[in-house]
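Got a structure here, written out as structure tokens. Questions coming.
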Amino acid sequence: MPTNKLSAFIKRKEFILLVIFVLVFVLMSALAPKQFLRPFNIQSMAFQLPEFGILAIAMMVVIVSGGINLSITYTATLSSIVAAVAISSMSQAGVADWKVILLGIVIALATSLAAGAINGFVVAYVGVTPMLVTLGTMTLFEGVSLNITKGGAISGFPDSFLWLGNATIIGIPVPMVIFVAIVLASWYLMGRSRFGFSVYMIGCNPRATMFSGINVKRVLMGVYLFSAVLCALSGLIMSSRYNSAKESYGSSYLLQSIAAAVLGGTDIAGGYGSLSGTVLAVMILQVITSGTNIIGINPYLTNIIMGAILIFVLALNYLSSRRESRKLG
Amino acid sequence: MDSSEFLHIEKVSKTFPGVKALNDISLSVRKGEIHALIGENGAGKSTLIKILSGVYQPDEGAEIVIEGWRAHSLTPIESAKRGISVIYQDFSLFPNLTVGENIAVARDIEKGSTFVHWREMRRTAGKILERLGVEINIDAPLGSLSIAKQQLVAIARSLTYNAKLIIMDEPTSALSKGEVDLLFRIMRSLRAEGISFLFVSHKLDELFAISDRFTVLRDGKYLGTFDEEGLDDDRLISLMVGRKIEYTIFPKRRRTESVLEVRDISRTGCFQNISFDLREGEILGLTGLVGAGRTEILQAIYGINPPDSGKILMHGTEISVRSPIDAVRHEIAYIPENRLAEGLVLRKTMSDNIVVTILDKISNRLGLIQRDKQNRLAQDWIQRLNIKPNIPEMQTSKLSGGNQQRIVIVKWLARDSKILLVDEPTNGIDVGAKMEIHRILRDLAESGMSILLVSSELPEILAIADRIIVMRRGRIAGQFDGDTATQEMIMEKAILGIKQQVR
Amino acid sequence: GGKKFTIVVMPKLVGIPYFNASEVGAKQAGVDLGINVIYTGPTTPDAAQQVRMIEDLISKGVDAIAVAPNDPAALTPVLMKARRAGILIADWDTPADKKLVDLSVHQIDDKEYGQHIWDLLVQQMGPSGDYAIITGGLSAANLNAWINAGLSYAKTKYPNLHLVTDKVPSDEKQQIAYQKALDLITAYPNLKGIIGISTPAPLGAAQAVEEKGLKDKIAVVGTALPTDSRPFLEDGSLRVATLWDPSKLGYLTVYLIDQMLSGKKPVNGQDVPNVGKITVWPDGKTVIMGPPSDFTAENAKNYSF
Amino acid sequence: MAIAMLPIILTGGIDVSVASIIAAVTVIIGNFMIGVSSNIFAVFVVGCASGAVLGLINGLLVAKLKIPPIVATLGTMSIIIGVVLYVTNGTWITGIPQNFINFGRTDLFAVSVRVGEPIGLPIQFVFLFGAAALMWFVLRHTLVGRGVYAMGGSVVSAERIGYDLGKITIFIYTFEGFLIGLAGSVHTSIMRQVDPGAFSGFELHVIAAVVLGGASVLGGYGSVFGTLLGVALFAVLNNGLILMHIPVFWQKIVVGIVLIASISVDILQKRYSESRMTRVDIEPVEG
């Protein structure tokens, strides 16, 4: 049955990723047996993964809609900076901790929604190419952040705020718990909901989707808002983990998140992309960075390895799909 | 192979994953003949053409002989070198380049030249357009032309290089009667020069007007080649579909209750002072020459390009439709003319394309899509319209043109609307399927839906429309009743006063 | 002792000349003292990357971590974690959270250094006139510390100096510093001096001044390595550069950590081999390496960093 | 640089590895000058050749392995810059021979207007315009160049009509590498030393400049002249703000807003004029 074949093929991409993940994991364990497999290390990887993983999902969602969001890292830091200003000034004013934190989260989300609304508005309603819009807003958000911080970092959080990024629940880091929740929520949203269905359709052919009576503009707006909210969550985790908020946190995640999304099987042209693939890709990248750090490999070599894996996996995808069609065609 | 043959193929098969599109095909094309290739939707015509042009490689064992030169398969460059030129269903032109470049570029590639000589290119293009007797600005970007003119450009292009066999996949589907006549005139004069044509069309009258021989494919198999003499419509149809089909003229009904009243709408550069009523349960035919502005009227009503002035009333109250979302809210549906770009999301599955209009119906209160409901509905519709293959998970791009069109229709049938705007619904669809679509449209009308049907095919309009509006250059030129109108009456209104221009 | 210590020295980023020079010193100290020195850091000056690397290094299990924080506050949680894991924590080059470190190695006293730079500027351009600052990045804590120290010092000591516009960032790149300097020269025709803070900045400024033929009118001073700045010092476009020897800083850091791991605290006035006499603050953990060296056209060739 | 990127964007591709290629080129020629020969001509040959080779790698990945351009170049970017920094450890290469530096400072047609203030056309502009002219010629007057536009218009059609898409792809990436090599060589002679880390973050600027110049990221549209304008506009945006005495902390905000606003206005204008485009010549009312 071609039905099975088709789904089997889609699964194959993720299967390759799974194999690679296991391979790097085993490799790292073999190279640094005592250190890599320590629960402490596993836990610390679980601490590190979410902030990047969330950004990668934020990127993936936009790519699936046929766009790209270059402003993710600055959306994250901008919303955490605005929240940080509020949190630190309120907590100095002696407001109760839980109120402060709750309000801080609300403020971060509100800021990110505003940021996402700018992206969404210009992309969907004005009709500018996403890459350009987000290139502009990237600069804009960085500028606003810098203007607030004047180049420094905003700190002075109450200790309980640090819980968000640093505590564990029965050994599982809180950020990881948040991440899993986000993955599940995104999976429902993208894979099961009307919204997600529309996003995939728009990513393939916005015009035909519009002709089908779907409110393409509103869906696109939703995509950028959703992406921005994810950014804010990542930003909050980062500011809690780093005990401060600053415009440059996570700036190196931008290109990495594109790489993760694509490595995870997202079609850069839009319309295709799976959450599980992206999550697997994020895990692969995490194991490689942590592993090479522990083994003590020159960080530039890590860059080279990641680049090579990216090309390798995509080449593999291409070759296997070609063999497939040869065999049958 | 005898020396009067230009092309001879044998044992050509092509297998796609899950589909045997061609099965052991043989065919010869003589020098200086017009050879029709016919068959139902999905019979494999387009696939065969792609093999001849080198886009697809046939399965093992194929024999292709071109003027004594033998091969098992072709590449696009080889095919062109050997004198085969193809005009595809979608023209394969470059919207971002100028008309002149689109015409002349193929020859430069064939010559393998390094540099492009603009002056010479424009001269070549100009000469060919002159030979075709059409007036198109050589320097205009192709994307700004109407579909009909783009078609002529595609034809012009195939004449630039020394094509000895011109293959045309449904070249007349976007052309009006006058333009078709022009094309045929050109084809005949080229035939006299010894150029052969392989010609795909679903329009039987055209086929009989121009073809010397017919090759019939059915379900990927070769049924035989027949001379024009001794063939008639009935025989041809029964060869194609394996059964006899009549072009049913449906009885016309007179309806009175207006559902949609269009009052004096205008849009700059598209249409002027258009007024008409669409009544409950009727099919209102909107016809005219291609480029008369019919598509624009449909798109205006559907909210894609709203009118600048005028009113649209529904059941007597004015409605404002500024976007397709508004239209859908008012239960208006639209089946666009350009199904590839506007009707379908080609890279998604049949099932996804079918349910895209009814997401609200297949999802629960939380907005989550219920997969089982989706599958059931899709499966159901695919069976009802007899779409082949019956695989809801198949990518829509892999369907044949006719089956793709059925998907577009299905997706709007799935969402029952009050008003259906249909633009050239049977373009590129075989006779059998055409009848089915006519029946579907009629049934819908009987069940109370109001249908505004744009079609350039007069027999089709006459067969199913209750009333007919004829458009000419952005204005309404005349109105007829479906049971009394004739082709002649309609044509007269459609071309009156612009005859000279068409020529 | 019998066990061979493993010490991590983490710069703000790897792959820039300044931190390459300190790597040499740190590694040398490792060889001299017979301990294992890992010198690693992020490839971009991103605090998040630093935190991740430290987390991984805690997993690896090391005896001490000396870090030059890209952002002090950001490191606080991870350094607490490291302390809990029983790792000795030090900062170097740029201070981290005072409470968390066992040792804090400063090349220089920020305040004195800032003042010194402004003194150099006045030496070259005179006590009055327009000047501008080109800095590495707007959010670099140590650069900002120097600038702020210098600015408040200048307010009282050199009231006739006039800063034309806020410090201009150059992304730690000579090319950008050069562009910005060109713009500054055009925008403020009365400019008499440019201070370049961060090692590529003075070079870019000098290049611009040289190209415009204004090296006699505009005095460029700043913090730069002598080898890189030598061509500019020699053609006069850069009047004077000032910096400490980063390799000594690396050496000193490793040396002091080794001592502490063996149970010895740094002492004020202690003479460290290959480095010289150091100053230790009363808190017992803040160590100042010593005054900076000034590099001029005459002496630049004597240095190898 | 932006000029070099234009044809790639025209085909609907994108190259984010430009910054790493130019870094690699500068390092290679830096070492070449010091180690082998400081002959200006030889240096340029080496620079362009090494750029071209790196570009070729991108081209092969995109054309032969069918990896989407943004991803392929993301990979090569990571690898190239990794290798460059691993090998050099980020150390600057100083001691560029004087003759090469002098070359970078040559002003052509220098006219002394006032004493001590020569104005003229700095040599980098000569190269910029030279590269632009070359690119213009290639795009406008060679078959490959037209193929680039054709590919951007419709890949399927281009293939059907007989363009060898693989060759075109490989050509444009190699050509881009070549021009980047040229840019790297000129840059080195101006900067007088080689900083392997100098170009990080540069790729987005290059893309922005090309697209600001009117090229469509989906391919098919764009011109050399537009790209030059885009480069100029971007340079003005980035550097002119100091001239306008805009405070530092506001500059990025201004840049961001100007960028978004200018493109938005442009798009809205285009949309308006398109919606007013005549599709049907309406019959005049008979008087």
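Structure notes:
We call the chains A, B, C and D, going by the order they appear; numbering starts again at 1 in every chain.
Quick note on the criterion: contacts are C-beta pairs under 8 Å (C-beta built on N, C-alpha and C of every residue); 3 or more make two chains touch, one makes a residue touch a chain.
Every value quoted in this text rests on a predicted model; they were computed, and no experiment measured them.
Interface comparison, C-D versus A-D: the higher count of C-beta contacts falls to A-D. Each chain gets one centre point, the mean of its Cα atoms, and the points for chain A and chain C are 34 Å apart. Chain A and chain D, compared by their mean Cα positions, are separated by 29 Å. Here the spacing of chain B and chain D, counted between their Cα centres, is 42 Å.
For chain A, residues that reach two or more other chains under the stated contact definition are 146, 150-151, 298, 300, 303.
Counting partners per residue, chain D has 85, 249 as the residues that reach two or more other chains.
Residue positions of chain B in touch with at least two other chains are not found. According to the touch criterion at the top of this document, the contacting chain pairs are A-B, A-C, A-D, B-D, C-D. Residue ranges on chain B touching chain A, taken from their complex, read 15-18, 302, 304, 323-325, 327-328, 333-334, 336, 341-348, 352, 356-357, 359-360, 363, 366-369, 391, 393-394, 411.
In the complex of the two chains, the chain C residues touching chain D come out as 14-17, 20, 43-44, 138, 165-169, 171, 173-175, 178-180, 182-184, 186-187, 200, 207, 211, 213, 227-228, 230-231. Residues of chain A that touch chain D in their complex: 70, 118, 122, 126-129, 131-133, 135-144, 146-147, 150-151, 255, 258-259, 262, 267-269, 298, 300-304, 306-308, 310-311, 314-315, 318-319.
Chain B meets chain D in the complex at residues 53, 55, 76-77, 80, 86, 88, 91-97, 101, 105-106, 108-110, 113-118, 144, 146, 268-272, 291-293, 296, 305, 472-475, 497-498.
Those residues of chain D lying in contact with chain A across their complex are 16, 61, 65-68, 70-72, 74-79, 81-83, 85-86, 204, 207-208, 211-212, 216-218, 249-257, 259-260, 263-264, 267-268, 271.
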